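Okay, got some structures for you below.
Both complexes below contain chain A, partnered by chain B and then by chain C.
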Partner chain A sequence: MASAFTRLHERVTDGGLGQYLPLYGRLDEKHQYAYKLLFPALAMMFVVHFIPVVWGATISVMGVNSNYIADWTSAPFVGLEHYAFVMDPTTTIGSRYWYSISRTVLWSVGVLVGTYVLGLTAALLLNQEFKGSFFVRTLLLLPWIAPAIVTLNVWRMMFLSESGIINHALMSIGLIDEPMFWLLGDQALWSMTIAHVWLQFPWVMIMLYAGLQSIPQQLYEAAAIDGAGRWGKFRYVTLPQLKPVSGVVVLLMLLWTMIDFTTPYVMFGGSPPSSVEVTMVYIYNFSFRAFAFGRGAAMSVGLFVVAMVLATIYYRRFIRSDFEEETQ
Partner chain B sequence: MNISSGTNEMNDRSRRKLLLSAGATTTLGLAGCLDGLTGSGGAGDAVRARYIGQEPQSDWLEEQSDAFEAETGIEVEHEFLTWADVPDSQVTDIQSGVGPDVDHIASTFLPQQANAGGWVDLSELDASLPDQNAFFDQVTDIMDYQGQIHGIPWFWGPRGYLEYDPLIEQAGIDGQPDDWDALVDQGQAFREEFPDKHLYAMMGVSWELPRAFITFLWQNGGRVADEDTNEILFDSDAGVEALNFWKDLILEEDVMPSQIAEWGVDEFDGALINEDVGAIMQDLSPVDQFVEQAGADRSDFTIGRLPAGPSGDRSTFFGMEGLGIRPWSDKQEEAAEWISWLSRPDANATFADRIGLLPTVEEAFNHAAFDDELSQTLHDDVLPDARHYPMIPGLSEVEVELSGTIGTWLEEVVTGEWEDGRSAELLDEAAGVAQDLVDQAQQG
Partner chain C sequence: MTPDEWALSEATKDRLFALASKGLLLTILIWALFPIYWMVFNSFRTRFEIVGGDPSFTETSFHYQNYIDMWSRVDLIEYFMNSLIIASVTTAIALCIACLGGYAFSRYRFPGRRYVGASLIGTQLIPGILILLPMFMLFRTFHDTVGVQLINTYQGIIFVYTTFAVPFAIWMLRGFFDTIPASLEEAARVDGCTRFQALVRIVLPLAAPGIAATGMFVFLVAFNEVLFASVMARGDVTPLSIGIQQFMERDQNYWGEMMAASTVATVPILLLFVLFQKPIVKGLTEGGVKQ
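On to the complex of A and B.
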């Protein structure tokens, strides 16, 4: 095994690919080797992520609409006109765009809270030794494994006002007197949040469960000696020890939800109720149904900036400080 | 050979192997990507034909293409798109200039794709195509956009007033409503007999909402837009009155259930099949479903003209789909032959019958599949009322805007958030956005 690894190391280090990287010569052999291993993944990310981002940013300053579908390069340069148009809250389009951003943020925060609370609860449950824990673990992963389209359509059917099981259940226990619209009005945001939390919480659960498994038992023993009860152990040992993994979970869940298209599109289709017209759906409609690609690209760049700003603030405030503390 | 030179040789060999592996991987990867781009997935000599939402008809299409090949020697390969993939796939093909030879035309996308040079002008093509006079006038008018013929009409679906007679008769209702007042009267009579049911429903899914609105608009004498000046007109008083009448049908008169706002296609058809409503604005497509699933008989249904509003005619909307040829095709004449084959009255009738819609070739109505009372009533009474959107630049953009606006309006109506003046306000806002979209599309 070791010799196979050594041979792979030699082949990669002798490949000569690294000479094209800037400052490559100043790196020590270990770091050169690491860069070479990263090269295929970085190259793929360049093609899949970087080029579309640059392309999107480029057409956001060009007048690309249905007339330039066949040859977008001949579309006129319009500078920041699209940005001014879509971000002006006094216009219909601008006000709808900002409204969609506000719905996106609200939805993302709702999903984040829901998935974290449910994921942590499930992880704590799994962390206990009990008979059938393997079965429960598998069962809890089902929402994540099942095809999202199926799950979301089932949720949609459950939320229907007349035939949906949710209203029947609420009416049978006397919580409501007549059927409610769960897929229309402000309730639609709740419905979409619940369905998305259901889809995503198993991933949070697995991440936190891994974090829980890595907490040394001695810390709980020391806390017990200091007189900590169940809550004390959770408050002063479990939560702080989960902080690094929680940081990553929160950041990723926030970003993934902000750019999620599947849940709103499957549950509500192309023209969702305004309360759930999140930015991804709005941009899609603007670009691919109204063919206003230039303006749609400007909206995408806007969402990209909002997401990056939130992520950067969060990263600096929570994640980097954790690593710095650990380093010190 | 000393150790040092042996190591160098090994290093050279390793480097060569690494580069060879990387090269081979890249070549394979690029070949895979390019295969998708050039669309060279099929046999090189075959005509590639693509259809939207017709995968269930693949066996019939195969049968037809086998017969076509036996007669002409031209091979046809079939591909299928779902409706959800249409905007992305067709746009990407026009952008890259590659894709199938024959493609499916959705009438509302025609102006966009025609402006982008996405279709061959069939009148310029040196190939034998079906006589334009063989088709209904309304459908050829759509394909004749800005002086060019962009495709051949394939099938269409004018909506009529489709009622389930046993329920209607039980409610003591005689005949179908001629005008809006009669619709309200019949709706109330229906509720007296069936307090938990409603007389009438229209589809509330996003793409149908603008069509329902413009049907009311036409019935009330309004217009969507001026085809000569491209001015948006749907925010007129007639439009506001149309929306307010629709609102009254739901809130004041209890003629239409508020649940239409959350119904998808299945729930809408299901409402008739489950006898929750007595009549719907629809083509004949749910009838066979009703017959199969609920054991009803075709004679239990009646289809007729939609009612007229106070200032307009008994209009109804129709959607139409056709087949056209892409400009990048190097088999345009063969592609034209395939389209002509599918436009023969017999094939046109059989296909339309299979999908529950209407043939576009007039003679196809003589086919046995349409030799029944429902189809003939549709032909004689409803088809003359059938209208389509005005074919203006940016039409599909306008439809999207209307879809969102009517969706918001309907949502406010059924959730109790609608207020006086809201119909006018929303239409006004939508008209402003729509006009901007049309102007953008027009400017090029």
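On to the complex of A and C.
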């Protein structure tokens, strides 16, 4: 590993692939070195992220279907026809697409609220130093460390209506009288949200915990002198101090959930109940079953735009000021 | 009674607060650990115990047969090995590339740094479904022109996963590198180290917890990926994320065996984490906070 790393560094710096970057010659030597180091990452991102996004956008304006999949370049140019079609709420496909977007947003917001509340609570509790806090922190990270592809199946099993432990527990404490169908109908969205919150809350917890640890103790002392109680300290010291890290956590959690495929797919498989047919799953089923790749691409671009718009608004509003201060 | 008599003394309030915190923490702990317990527990139960009759928290016939039958029900050993190979190689390559990139990002204020940073974050909002088909076509074109097969091969899926993991890994590592004072490297440079020697001998050892935490993150990204695996990692390289679903057959769900397979997949990862928990938890809590 060490020698591979050295060889990689030699390749990158001596081979001088960085020189193919635009405007490379105008950088001074130090900055050329920085770009050389970044070159492998940038090149890979160019191949796996940039080219396919442009390609996907191209497919979305062409009539690519099963007839043209082998030779997509000869597919006819259709302009924005696919967009008009998939976003037309009067057609079945269009209305299901919009419905899937609304489910995606609902799911993402639910997950965001759940993970943030739970993560913050856990972080605050961990932040009160006590014996064994390190051990507890490790245990609380386990849902995030255990592979999602297996734990999601455990949740699916726990949510079974006849034999699942959740219905059994709810019935034995008298909250419900007969088994609920957690994996069907509208409840499925709840089940998926609960399972996903379970998966992701440790990450939010650990990020916020790190933020809590970096709050200077003097601020709390000053607040105590001003007569702040427990709530006052939380309201006027902890929350404002957590703002920068919360900004990043909220943004990433929202985006990661919006484009997540693993959770709905593992929990509900190829034909999910419509309440959990989030956009990622809907597009997947639509383009690969109907071979309507052009329309599928148009839907994907739509999802990308929704994510981008949300991220940009959020970034401008909550993060940019912190980020710019820090980069200056 | 007057309100004054109702008021609790400060010491009692503190004690009540501490008690409530402990109770809440215990509740969260149970919620976090129960599904893992339930997985291990049910891996020792027969199918009748799982889907028929009353679910019980503790009663089991210790039905270890699940751990024997699961290997023949599906090609489990192959899926395990594939997942392990794909995820570990991805982690190794992604860490090397991200260490270089994260170091450059942390130490140099090069022109265009803001744009590089924005594109690192930008990759996080690309829906996989948008690039799935173009990637597939790109790989096929690559095969037709260069003659190297990337679809349904280790190298293809590892390349894709590495690139998925690298941007966020750079972001994370850059946070860890930022916490290491540049003066240490400068001192090493004065003593005659090259820039690279300073990186390898000074920065990387100090950033080891952060690198461990980042490695964990990358490993999980690769291990849990389903979308690309379902299209570009079939046949001989099918990973566990796809293969484990075969315990769900149309008319029969082999829950017990699935839970046994899940336990076998989870335990090594949890053990690895617990073994390296000090650096990983330290890394997660120290550097990751930088944006």
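Definition applied: the second predicted complex is superposed on the first by the 283 of 328 C-alpha atoms of A that agree within 3 Å, B and C clash if a C-alpha of one lies under 4 Å from a C-alpha of the other, contacts with A are read in each partner's own complex, and residues count from 1 in each chain.
By definition in this document, a residue touches a chain if its C-beta (ideal position, glycine included) is under 8 Å from a C-beta of that chain, and two chains touch if they have at least 3 such contacts.
For clarity, every value in this text was computed on a predicted model and none was experimentally measured.
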Next item on the list: Identify whether chain B and chain C fit side by side or clash on chain A in the overlaid structures.
Entry: clash
Item checked: Partner, of chain C and chain B, that touches more residues belonging to chain A -> C
Check: Is A:224 in contact with chain B, with chain C, with both, or with neither (first, second, both, neither)?
Finding: neither
Margin query: Which partner chains sit in contact with A:138 here, chain B, chain C, both or neither? Use first/second/both/neither.
Written below: second
Check: So, A:289: does it touch chain B (first), chain C (second), both, or neither?
Finding: first
Note to self: If we overlay the two complexes on their shared chain A, which of chain B and chain C does A:160 touch? Say first, second, both or neither.
What the structure shows: both
Next item on the list: State whether A:80 touches chain B only (first), chain C only (second), both chains, or neither.
Entry: neither
Checklist line | Which of chain B and chain C A:269 touches, first, second, both or neither | finding: both
Notebook entry, point to check: Regarding the shared-chain residue A:121, is it in contact with chain B (first), chain C (second), both, or neither?
Noted result: second
Note to self: Under the stated touch criterion, which partner chain does A:176 make contact with: chain B (first), chain C (second), both, or neither?
What the structure shows: neither
Note to self: For A:247, using the defined touch cut-off, is the partner it touches chain B, chain C, both, or neither? Pick first, second, both or neither.
What the structure shows: second
Notebook entry, point to check: Which chain A residues contact chain B in one complex and chain C in the other?
Noted result: 12, 72, 160, 162-163, 269, 288
Next item on the list: In the complex, go through chain A and note every residue touching chain C.
Entry: 1-2, 4-6, 8-9, 12-13, 27, 30-31, 33-35, 37-38, 40-42, 44-45, 47-49, 51-53, 55-56, 59, 72, 118, 121-122, 125-126, 128, 134, 136-151, 153-155, 157-158, 160, 162-165, 168, 198, 201-202, 206-207, 209-211, 213-214, 230, 244-245, 247-248, 252, 255-256, 258-259, 261-262, 265-266, 269, 279-280, 283-284, 287-288, 293, 296-297, 300-301, 303-304, 307-308, 311, 319, 322-323, 326-327
Next item on the list: Please name which positions on chain C make contact with chain A in the complex.
Entry: 17, 21, 24-25, 28-29, 31-33, 35-36, 38-39, 42, 50-55, 57, 92, 96-101, 103-105, 107-108, 110-111, 113-114, 116-117, 119, 123-131, 133-135, 137-138, 159-160, 162-164, 166-167, 170, 195-196, 200, 216, 220, 223-227, 230-231, 240-241, 244-245, 248, 255, 258-259, 261-262, 265-266, 269-270, 273-274, 277, 281, 284-286, 288-291
Margin query: Quick check on the complex: what are the chain B residues that touch chain A?
Written below: 11, 14-15, 17-19, 22, 87-88, 91, 94-95, 97, 112-113, 115-118, 205-207, 209, 259, 261-262, 264, 267, 393-394, 396-397, 400-401, 403-404, 407-408, 411, 414-415, 417, 429, 432-433, 437, 440-441, 443-444
Notebook entry, point to check: Which residues, counting only chain A, touch chain B once they are in their complex?
Noted result: 10-12, 14-17, 65-70, 72, 92-93, 160-163, 181, 183-185, 269-274, 277, 285, 288-292
